[in-house]
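You will see chain A twice below: alongside chain B first, and alongside chain C after that.
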Partner chain A sequence: MNSDYKISKLEAIFLILIVMINKIILNVPKSIIRLTGTGSLVNIIFVGALALILVILIVKLFKNFPNEDIIDVSEYIGGKILKTIVGIGYIILFGIVICTVIIRFTELLKVVYFENSPYIYITGFFLIAIGFANKFGFKSIIKTNFIILPFIFASIVFILFGISNYISPSSLYPILGNNIKNTFVDGISNIFAFSGIAYLFFTSPLLKNKKDLKSIGITFIILSTLFLFIVVGALLLVFPFITHSEELLSVYILVRLVEFGEFIQRADALFIYLWIISAFSYLSIALMFILNIFKKLTHATEHTELSFSLCSIILGITLLLKDSNLLSFIEDVIYKYYLIIFVFGISTIIMLLANIKKKFFKKSPAPNNQVKT
Partner chain B sequence: MTKKRIISLLLILFVIVAFMGSYDVEGIEDLAYVIAIGIDKSETNPDNIKLTLQIAKPKDKESNGTEPENLSIECPTFDTGLSTLNNSIDKKINLSHCTAVIISEELAKEGIEPFVLNLSNNTELRPTCHLFISKNKCEDFMNTVANSPDFSSGIYTATIKSSLSSSYTTESLLYDFYSTLRYDIKNPTGIYVGNTKEKAEILGIAVFKRSKLVGILTGTESISHNILKNKLETCSVLFPNPFEEGKNMTANLSLAKNSDFKVDLQGDTPHITCNIFVEARISSSQTTNDDYTSEEELDKINEALNTFLTTSIRNYLYKTSKDFNSDVIGFEGALRKQFLTMDEYSSRVDWDKFYPNSEFDIKINSVIESSYLFRKH
Partner chain C sequence: MNFKSFLSNMLNYQKNNKYNYTLSETQVSNNIVTEEKNDKKVSEKLQDNIDYLTVKYNALINSDINIRNINIYAKGKQYSGMLFYIDGMVDSDMVNNYILKPLMLKNKTNSETTNDSMVVTNKDDLKKRQSNLSTLENIIHNTLLPQNSIKTSDDFLEIISCINSGFTALFVDTLSDCFCIEAKGFEKRSIEKPNNEVVIRGPQEAFVENIRTNTSMLRRIINNENLVIEQCTVGKITQTKVAVCYMSNITNEDLVNEVKYRINNLDIDAITSSGNLEHLIEDDDYSIFPQLLITERSDRASANILDGRVVVLINGAPFALVAPAVFIDFLSSPEDSNLKHQYSNLVRFMRSIAFIIAVFMPSFYVAVTTYHQELIPSDLIFAISAGRKAIPFPVIFEILIMEVSFELLREASLRIPTPMGSTVGIIGGLILGEAAVSASLVSPLLIIIVAITGICSFAIPDYSLSFALRLFRFVYIVLAYMAGFLGLSLGIFVQLISLCNLKSFGVSYFSPYVPSGNKDTLNKFYINPIWQRNKRSNFLNTKKPDFEGHISMKWKKKQK
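On to the complex of A and B.
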């Protein structure tokens, strides 16, 4: 990042949690339920435990590289070629995130409120906002996120209270879903729900106190598992049909039921408003990471100046990806497996190799001490 | 810096101007608020439906409140009917305040899945909209409601609230109906209504087997239904007076705690045990000299009430299982709890085939809480 600002432990947890919250608002709970049915709750605990092991491993691997992120570490073990490959890999990942989130929210807003507004207006609205946020810089994005996240958390808790009248406990059974293989073997791919782990590979150099990385990772996994468990549970309890259906945004359908007596009815607008702000924050963070990687790959000095150029490219891509079948394929297949293979697999292997190199070839300079040509 | 601020301001203005038009284009005076939707079979074309919309119009400036206007049209689908009606009036039809969807019994017997799916997919319509099944034509029912001297835009909600407080029907929400259609753990129900020329009223519960209407439960059977569904608010039941043959007593019932079920599968026969917990207060009797202070007398009353409730609930359960083959309570959910996986469950159970063979064991745990103001007459 171009700023010297270092983030606190809580800011770092919030930074990663906003990713998770947005994934929960978007269709991640639905994707989990689609794969594992009524076994989803057990599956979440299972993949949550796996994610926790993975995070502890990643944190341990970063102990020897407290001031480096995955891009620096890639350069350390594979030189510029590996650095560029990994950098582009992450740019693609964050790019997919931005495009899919914008398209999903645009679809929702178009269906619910702006039926007659052109698609490009709504998409443009998101991109202008995140473009500006990145012009203002790293600190403002982190601070804004720090203010927003508690409200988003509160909104989800509020939803759970609002739907408590509609729950039907028997729809959670059979507890292990379709079969044990489906829940524990095929269901491992649901680990993609913990996509916030990708951001953990970039967090260490941003921290005020590098030792906080472990507690940040563990807190993130525990809170994410808890929230996923609650939201998936709520969906299964209120809409048992969700295991058999296809809908726009499952959490939005849940929100439509929220009524508090005669006084507060149709509160969905309030939730959508909060979610839009949350999406702004999430998208700004994803764009911030893209710009940061771009800076590392090209040594650009004024990388934030590129934010609107990148937004224009993203606008073009989102217009190309409007087809809902194509988007579902990207979300459910490409993004899911790309994340698992590239982030949870390749990035962890790179960290492992870097640790081996550091241990056995102690003469190799640490990535930040390498002479840049 | 100033240049940047000007650009930012221009951008903000651009966005505001761009969205302003779509924001205020539909004022309240431009919208016709639908309070109920009626769907009948077409009288002329068997493939069509007759759509009736009840719109609440503001009365003239001198008097407050609203007055109803019913619009009807024959159309192939709900959406085409809505578009045509939209075209025929000078305001845009808005469904966001609709509280009732009424479907005729005749149409419900043929299956209402397409209508429920269509309506559930509409973002304007509330998922908490009530679903009625009308004994008569919906148009007639809605006309009777419209001519009621008590008409207001909240008439349907008020009627349901009043009926639910006596437990003579059960709540049937559009989202819940859609959910039960899509997920086979229980069968859906609707609020059964009917009308004469003067009066529209709630008559009981319409029982469905998936999307088809298969039977009707009367007001008293609805009480058994609500007890088993844990939806009983309060109700009055008339049961035989244990002290004098041919005379009756009235008890006000409420649930002491939620009913629970145990389903034990023996071969192809489900043995269903229902544990029911009710509290009762004796409110009136056809005899005099009743004493609700003596424990012995209260025990006798309790026994008489238990016998009455057991018979009522058993009759209700055999009616829904043997006559309708419709598990509206969701006993299948209780059975699924005993299996770890769906594969194991599916290989062992064919609930649609087994449910009509069900045998019920009703255990009533009632507590008589004396009476109201007078404990001895």
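On to the complex of A and C.
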């Protein structure tokens, strides 16, 4: 980032965790259950272990490039062409994230509270929030995320306690799901739930202490696995037929079961309120990374103008993609496999190649020493 | 109109009753006053000095400027002299008895003609030697003026500055120096009880307008030689004295330098209050939230100095500015440190609740009644609906009527003389509210909501913060009406982001929480017992991080 502000270990963990929490609030648990059924719990542990191995590998690969992100490393091995390709690849990835999250929340809000409001009206609130957030800059976004995340985390834990009356242990069986192949082979694609790993490729230069990257990655995977396990477990225990549910958000289905006594009739609005703030934070972070990559590719300097321009483009795309079936296809197929292939595959290979280049061509200058034209 | 009156109108003088004066808005070139370089020195000719000061002070039209021509007896001779002072700024008795009498009346000291004087150089031996009392200047300075504070200067800039602050200037013919004699004697307010930061168990002393009295109050409390009080002046016209106070062995030097840098780099004609200076030196001038703590209590200012902060005092202002200030400071009361930590935590918790209610309650009401009715139990929603049945306005209009009325009442009660102010508040609140409900302008529940919001806003200890909350309340009401909780989320998120961006003298506004710092201090939501507050605020990066020993209550350990 074009900032002198360096983030602490805890801030970095929170930065990546907000991605995970938003994925949980949105449809990731339902997608996992849809694919692996009752074997989802075993599948989560399995993909969690795989993600852990991947994270350890990425951290090891970044050891030789403590002050560089994946864009700098791409330039190191493939020059400006690879840098541009990888940069655009990540812009598309974060762009899909922003669009899908905005559309999902807009759909939910339109159905539940704003039946008569135009689509653009609701979307506008999201874009104003993330536009302003990026106007204030990287440091403010990180700090705000640091404040918000504990509340979001607490809200989900609260819901899990609130639904304890509805748990039916028999819903978990068969614990290995439909079959072993489905749980362990087909289910590998559920590793997309750990999409926060994509942000790890950009985290190293932001850290105060570069050695923290390893503990950040491991803590993120452990917490994410645990959290995903609990939420998917809760969904399985409460709703045996969750895959057929037409509800928009996974956790929203749970919150509607929670009873708050006499004073509050239904508290789902309060939770949605918290999750919207969480989504603002998540979207701001994604836009912040897009801006950072864009600025690296184009040497643009006008941060605020760029931020609001990108918001306008995103608004246009969200209006184009608001068809529910198209969105499900993007989320379940395009995003899922794009993430797996591009982030977990190509980016890791780029890192591997960069390490090989550094090892065998030691005379080759480090990315930061290259003359930028 | 007849012919006679027509002629009368034509020929008689008609008095023009309209007084038509308009101040020209365009700048006339000869009206522009340019800053003249004032480097004039005192002349040996007395008349030149008199003429210069007469012109400079417009003494011919200025009623309070006194020029007293005198004859001075010194070394057995008579010299012409002149006293120049501002009436009302000096003590007349002091001028008469300790300046005029010794100079004008003949006595043994001023009749001495020899250059030699008797000085004691040894306890047992009194001998005569050539002393340095030989010149006229030294004789006046050392023997004829029995004053503790005399400045000698030949620079008119300095002399004028002294005269403006209450000194009496003495010019003597043949001398190219002026004696500025401190004989201040203007009326000033004595130290009184604080009006805005009332505490029950703490000291009952508040700052006054006189800067020297205020610095002495800090000295008396801190009682340590490491307290530094640096003085500078701000304002090209007013030359207002500003004191920067800090502990040399505690406070971060960078912080002190930054405060001094900002104060010394102000290009302004005048500052007349602490508020002026506050707005000129704060980090973000567009932020609505206060970035400097303002206190009228000397004990609070001293506690902040001892914590490693810098306190700025301004002559003429009974308030001190404390830099830097973080969000939690504005929710703290000076009473917090006087109470047991359990009580302090309870009141802090209540203040935090009050803060949330004061900002969000009206907007929450708007959001719930407009978009999220499912939150409210059925019985209550029926009651609200019944209450609003006769109201012809939408809820936003209803709440804005009440909020604006409340703000007007608050403003009006400030302007009305004190005995009537509270009456207006009560009458306005009760009668207007009751009448508004009876007239079906607002619902009864809304009166309760506005009243609770008002009470909670008064629970905020800091005046500036409560202003910010009042302003944001309106923003949140509009956002809630626009999109319910979505609008509120947007408001909260943008506000959080902007506050996270805010800094007070380089310190993050949400310190010590974001970024996370040590929590063993007083500056946080939960206060530890006094024996656990062993650290100074780490965001201040002080020279001495420990506030107390690891075990502060050593007597307990010794007993074991």
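To be clear about the criterion, the second predicted complex is superposed on the first by the 364 of 373 C-alpha atoms of A that agree within 3 Å, B and C clash if a C-alpha of one lies under 4 Å from a C-alpha of the other, contacts with A are read in each partner's own complex, and residues count from 1 in each chain.
Heads up, the rule we're going with is that a residue touches a chain if its C-beta (ideal position, glycine included) is under 8 Å from a C-beta of that chain, and two chains touch if they have at least 3 such contacts.
Everything numeric in this text was worked out from a predicted model, so none of it was measured.
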Give one of first, second, both or neither to describe whether A:37 is in contact with chain B, with chain C, with both, or with none.
first
For A:133 in the superposed arrangement: first (chain B), second (chain C), both or neither?
second
Thinking of the overlay built on chain A, is A:266 touched by chain B (first), by chain C (second), by both, or by neither?
both
Look at A:116 in the shared chain and tell me whether it touches chain B only, chain C only, both, or neither; answer first, second, both or neither.
first
Between chain B (first) and chain C (second), which, if any, makes contact with A:171: first, second, both or neither?
first
First (chain B), second (chain C), both or neither touched by A:11:
second
Check the residue A:179 against both partner chains and state whether it touches chain B (first), chain C (second), both, or neither.
first
Which partner does A:88 contact after superposing on A: first (chain B), second (chain C), both, neither?
neither
With the two complexes superposed on chain A, say which partner A:125 touches: chain B (first), chain C (second), both, or neither.
both
Which chain A residues come up in both lists, the one for chain B and the one for chain C?
114, 117, 121, 125, 128, 132, 265-266
Residue set of chain B touching chain A in the complex reads 8, 11, 15, 18-19, 22, 96, 123, 126-128, 175-176, 178-183, 185, 330, 333-334, 336-337, 339-345
Chain C to chain A touching residues, read off their complex:
371-372, 374-378, 483-490, 492-494, 496-498, 500-501, 508, 510, 513-516
In the complex, go through chain A and note every residue touching chain C.
8, 10-11, 109, 113-114, 117, 121-122, 125, 128-129, 132-133, 136-137, 139-141, 143-144, 146-148, 262-270, 272-273, 276-277, 280-281, 284
Using the touch definition up top, name the residues of chain A that touch chain B in the complex.
37-39, 111-112, 114, 116-117, 121, 125, 128, 132, 166, 168-171, 173-180, 238-241, 243-245, 253, 256-257, 259, 265-266
